[in-house]
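Lettered A, B, C and D in written order, each chain numbered from 1.
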Amino acid sequence: MWMRTTCNLEFQLAYPTPLILMLRARSGPRQWIARESYTLAPVLPVQEYTDIFGNLCQRLTAPAGEFYVRTSADVITRDSLEEAPGGGFVDIPDLPDNVLMYLLPSRYCESDRFGNMAREIVDGLPLGYDQVAQITHWLRESIRYAPGTSAFPLSAVEVNLQGEGVCRDLSHLGISLCRALSIPARLVVGYLHALEPMDMHAWFEAYVDNHWYTFDPTESTLRGGRLAVAYGRDAADVAIYTQFGPPATYSDMQVGVELLEVPPG
Amino acid sequence: MWMRTTCNLEFQLAYPTPLILMLRARSGPRQWIARESYTLAPVLPVQEYTDIFGNLCQRLTAPAGEFYVRTSADVITRDSLEEAPGGGFVDIPDLPDNVLMYLLPSRYCESDRFGNMAREIVDGLPLGYDQVAQITHWLRESIRYAPGTSAFPLSAVEVNLQGEGVCRDLSHLGISLCRALSIPARLVVGYLHALEPMDMHAWFEAYVDNHWYTFDPTESTLRGGRLAVAYGRDAADVAIYTQFGPPATYSDMQVGVELLEVPPG
Amino acid sequence: MWMRTTCNLEFQLAYPTPLILMLRARSGPRQWIARESYTLAPVLPVQEYTDIFGNLCQRLTAPAGEFYVRTSADVITRDSLEEAPGGGFVDIPDLPDNVLMYLLPSRYCESDRFGNMAREIVDGLPLGYDQVAQITHWLRESIRYAPGTSAFPLSAVEVNLQGEGVCRDLSHLGISLCRALSIPARLVVGYLHALEPMDMHAWFEAYVDNHWYTFDPTESTLRGGRLAVAYGRDAADVAIYTQFGPPATYSDMQVGVELLEVPPG
Amino acid sequence: MWMRTTCNLEFQLAYPTPLILMLRARSGPRQWIARESYTLAPVLPVQEYTDIFGNLCQRLTAPAGEFYVRTSADVITRDSLEEAPGGGFVDIPDLPDNVLMYLLPSRYCESDRFGNMAREIVDGLPLGYDQVAQITHWLRESIRYAPGTSAFPLSAVEVNLQGEGVCRDLSHLGISLCRALSIPARLVVGYLHALEPMDMHAWFEAYVDNHWYTFDPTESTLRGGRLAVAYGRDAADVAIYTQFGPPATYSDMQVGVELLEVPPG
């Protein structure tokens, strides 16, 4: 399916402010960027680099006053996503080297504290995909999805205590439970068609059956129509923007996803 | 300056044909991609990866029949380029690790065979930038720039014997002469505003005075208005497209560069 | 100075157990490995890979029963370490790309929760090296260094509440306070000559004045005689060994550091 | 099998001379370094870095006068090597991204000039392993292996004209013929037990049947007992040492490989 994503940021800043942005999606096996635009007002020098997870990051110093970032992409992506019921656990010795870091605990995913809870949730299930599916099911049943409620990321421990969270928070808990079972898991930030209310979205991927599979604890049925923008161990690695120095006087973000009838030509 | 580049490829193929393309420029310190489009007809699955030089490469299998690749970018780039007369030679121990490979001979740059000739050309000059400037000057005086004459790349040895070549060939000789003096040098493929006749262009960069500086043996005065698309040791690393299997029945490439009056918004 | 380090591990395992080890130091600007040995008993197939931080990691599956890893290195390292009082804060736009990740919060370094505390500790000091020196001083005054007390890593929040910790825990708090001031900081695990009691050691580095400088909150005067084995964002990234599956029946680690009178020849 | 390798270099230099060495083998799936030593006389500062092929490289500036490098490794390696008669050609779209560069022509492997010759040599054979085996057989029949005859590397074109060459030169031709058939191939430099006369050795690997397989055109039967030290596209990438500035007054290299009865403990 073809879709057009947009993400526009507006800042009002009292001081010149260094920013790191992650707003340029990369073409990959599941998504192809046919058109994109990325404009700044005022126009500024920008440096782009690739971080350790392969994300394209943009560095700049925004001036005092009003500052706008407007991005858009026309992409082809999948209508539906592969699922793999029964897909097997990958033994540690067989994991690719570059997947191993997704077994480790991270800022918002204290997987070292969730061993017992994870084993209870998946009790009796075959190792692998079905465990992750059960974790995702358990999240939907047990943790209230409350979009728009959280100003800053909650860690898995916090979201478990609080019993509710935004998409990112639910994924933090899902990722932690997977890693506690020695299943590699990572956070994805991106766009999802027809999300209500529309916003940037976050979900997670788990590595089973020798592939990264998508799981979304905010949905009862996994949907396609996704554009991944950034991957990381958790929200600490994949902020849409990171701002240094005093907070902005005002900031706003507008996100849009629409279907395209005709491929861009 | 703002400019819009386009590169459109057309193929007529007797068989399904694997292609590797290098047609997506990256934002960097000297150029910012504000908009780009990259479309295929028919629409096909594509994989994109980053090669060892940092270039974005697109892999696909083109179908039998007609196949089109259309790319375009709106970019901000420099009006003029830094020059550094007197800029010093960088001692080998002070070269950054990732620059060292640009000292080695490569397919079309047999720098190991040009020691004496390089020393003659730069005789008496201070080490560094001025040597490269003199090499570039010598190329303009001694090797005829004959755009459009070469079907496949000439190596430095060949272009030196033949006394003429296209932009890429001249750069191969320039790079070889630099490396023979222990000055790192690399090939750049990209766009140049107002090139006559318009086509993809190639030039080279040499590492002196702790920076990569641009040199273009096809120009008496170095101009800006460039968009770099790919970097490599020589033309073997940076083909706009590499095609596997039987040759295309027909192929064509249309390149354009125009100035934009107004930045894309 | 020349020194010989040894680290010997012993495991008694009920089941075949996947292990990831980080016990091979790399030669670098501050240390040169002139001899090393790394032996396993029983002898086993091992895979070695380089993680995202540049550490050499060894993967293997230890058999049920007794298993030994014995490592030793003869190295040349610095007698004393550079300090840089007055060394300046590096503005965010000037930080190298690969340093940026050390600004982010991580599993055991919740730097996003220490802004106010960090600003209080360094109140009135010039930005940069002196702030980190003051943080290190504050740690020595305020947090009791209690070697051998901790079975698993404490996060910065935990060590601050608890008021004591092992070397690694103190560094977690130091790192978090630095990052809260936008100073990149990372954990180092390695050997320290004449440490009492002898064990693997951990300290931290902060990036100021365009270099990584060493800080050790367990010492009143910074000493040399160090061999760095692994770098990371915190202890989650740099475990000497990570073990998967049921815990070992028994495990033990013996560490030694001795001076060499004569360089190995 | 356990073996001990040594490579000792001696230089007499008129001037301080920058050197880049590749003398530290890495542990990997086929070889494990249990002990190694790497000493310099006089002792000097050295920097070690990893090049784009994954080789560990040592940079230093050797002083005027006598300079020694002595390296040794105790390793476990394979007695015999896997062969895969009938192993299939890997279609270009299925090649891993990081293998693609080994399809390109390089300094000493002008694969773009060997298409017809390669197709003649392998005429009628199934695509893949058997083609490479036939190329290796053809090399043994057609090109005289003349150890010790060549001061500097010959390119594939040159060795084909000349009809003889050292191990490295034969491999250059073998690699070029493989790449001309779209089979990725790379040069390996290392040690071979019982080589006569003993010296550093070079052979090549080709990527078929989804693996890198070893081929050695200097042997009628492929033997094990190898320690790979460096990989690259050809000899330009993998010199045991590269020296800058005026040549050494004198240089010498002593190589040894012996079997170990007892593993080092």
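Note that contacts are C-beta pairs under 8 Å (C-beta built on N, C-alpha and C of every residue); 3 or more make two chains touch, one makes a residue touch a chain.
Quick caveat, the model's predicted, so the values are computed rather than measured.
By the residue-number overlap criterion, the interface of subunit A with subunit C counts as same, with over half of its numbers used by both chains.
Ranked by how far their CA centres sit from the centre of subunit C, the chains are topped by B. Remark: subunit A and subunit B have CA centroids separated by 36 Å (rounded to whole angstrom). Here the CA centre of subunit B is 43 Å from the CA centre of subunit C.
Centroids of subunit A and subunit C (each the mean of its C-alpha atoms) stand 30 Å apart. For subunit D, residues that reach two or more other chains under the stated contact definition are 47.
Chains touching one another form the pairs A-B, A-C, B-D, C-D.
Residues 18, 20, 47, 49, 51-52, 57, 59-61, 91-93, 97-98, 100-101, 104-107, 109-110, 112, 152, 182, 236-237, 242, 244-245 of subunit B are the ones touching subunit D in the complex. Touching subunit D in their complex are the following residues of subunit C: 26-29, 32-39, 41, 43, 45-48, 50, 58, 70, 74, 76, 263-265.
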